[in-house]
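Letters A, B, C and D name the chains as they come in the text, with residue numbers starting at 1 for each one.
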Amino acid sequence: MESQVGRKPNSMIMSERKPKNIFNQGAIPATFIAESIQKHSTQTAIGGHSIFLGQIRADETENGKVRAIDFTAYEDMAIEKMHVIREDIFAKYPLTCMHVHHSLGEIAAGEICLFVFTSSAHRKAAIDACNEIVERLKAELPIWGREIMSDDSHQWKVNK
Amino acid sequence: MESQVGRKPNSMIMSERKPKNIFNQGAIPATFIAESIQKHSTQTAIGGHSIFLGQIRADETENGKVRAIDFTAYEDMAIEKMHVIREDIFAKYPLTCMHVHHSLGEIAAGEICLFVFTSSAHRKAAIDACNEIVERLKAELPIWGREIMSDDSHQWKVNK
Amino acid sequence: MQVHLTLFGQLAEITGRKEMILQDIPDSETLIKTLNDMYPLLANTKYAIALNKKVIHENTILSGDNNIALLPPFSGG
Amino acid sequence: MQVHLTLFGQLAEITGRKEMILQDIPDSETLIKTLNDMYPLLANTKYAIALNKKVIHENTILSGDNNIALLPPFSGG
């Protein structure tokens, strides 16, 4: 139990947190998600996990059907910005854990390109934090998706 | 693509949906969650998945420390009620898929006892539906948790 | 009127029984009074009555065909 | 003033270059004008300028040590 108490967010511990790499070359496998969930079974202060997964849609566009999205990023800036978001979220919500993974490279339709995972003692914090991370990540992180069509032409993805 | 179009919610299809068993004897393994995610990779109309997982907390209570929760349910009524919730949610949100699993029997601290999984083309529907399902499930399904303490005494769980 | 009851959670624990058959129970108010006489601890316990898997909120006529269940506050999830 | 630029996404595609060194660029407004002269398509393209990994919103003095990046609208997630 002591290690869990030690992991609770407080300003001293927060200032020691280091920026984490959120990028993953290629799609995020379901087995990786399972391992990530499994690792939390020793953290018995957790009562709820909230997970958001982004999956590549085979959208029909005026330029054809999307078969994959090729993601690139300004990685240093994205990691730095994600660190700011992480600190803000830990300051705002009583979270036990927070994990964010985003794919780089070509991700095929049906594959997972984003994995956001939050955990807390009571469900509301995990759920609200997860939603806020997804919104901020899409608005603030310098990541770009190039949609590759079935005829190999491409167009740049636009977030709504 | 035709099978996906055929799966889209509409009133005709909804009236044909049959009540599904949501109960699972024992804890929900992370591998089961991974398989459930993996199965959706063929559904390329999906852009976002929202998942909520309930995990057993080792709460320190005035009667001792919780080591497990033993779940029982009025299964027939719960399945029927969950069917009503499912119909309401599909009528309210443009979901592609919705899955709910709840454990019965003794689930140890750190194990997963609830798995709610929604998918939609755009994230908002999946996220909002997932939250609403969790809230309604906790308020409306006749399920009871008996908290088993480390000294094997017990007390009845109360949802807040 | 004979009625067949199913009891869940702490109600089964208090009464020591998961099922029960009671005689001369014409309606749900009579059911509650009868149970309180038999098991005084129940009088201080919150529960709902489900008739054929629907919770009833008012006094309701019961029949032998009814599926009656006593439900303590839910605590799933 | 010599500045070193990094270009991302469709900006790299429009210019055909992921990196660029430009001379005589004292500030960010001059940078935008110079780029628009070199690559007229950029004038119709929305982008932000990041200076040392922070987006700038006003005309800003640049130095040779700056890390300057041109960022098209984000589309991660």
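Quick note on the criterion: contacts are C-beta pairs under 8 Å (C-beta built on N, C-alpha and C of every residue); 3 or more make two chains touch, one makes a residue touch a chain.
Computed from a predicted model, the values in this text were never measured in an experiment.
Any chain touching chain B that also touches chain D appears here: A.
Taking each chain's centre as the average of its CA atoms, chain A and chain B sit 22 Å apart. We define each chain's centre as the mean of its Cα atoms; on that basis chain A and chain C are separated by 48 Å. Centre-to-centre separation between chain B and chain C, using Cα means, comes to 28 Å. Multi-chain contact residues of chain A (touching two or more other chains) are listed as 54, 134.
Touching pairs of chains, sorted by label, consist of A-B, A-D, B-C. Contact residues of chain D toward chain A in the complex are 6, 8-10, 50, 53, 69, 71-77.
Only residues 1, 30-31, 33-35, 37-38, 40-58, 109-112, 119, 121-123, 127, 131, 134, 160 of chain B touch chain A when the two sit together in their complex. Here chain A touches chain D in the complex through residues 54, 71-74, 76-78, 80-81, 102, 113-114, 134, 137-146, 156-159, going by the rule given at the top.
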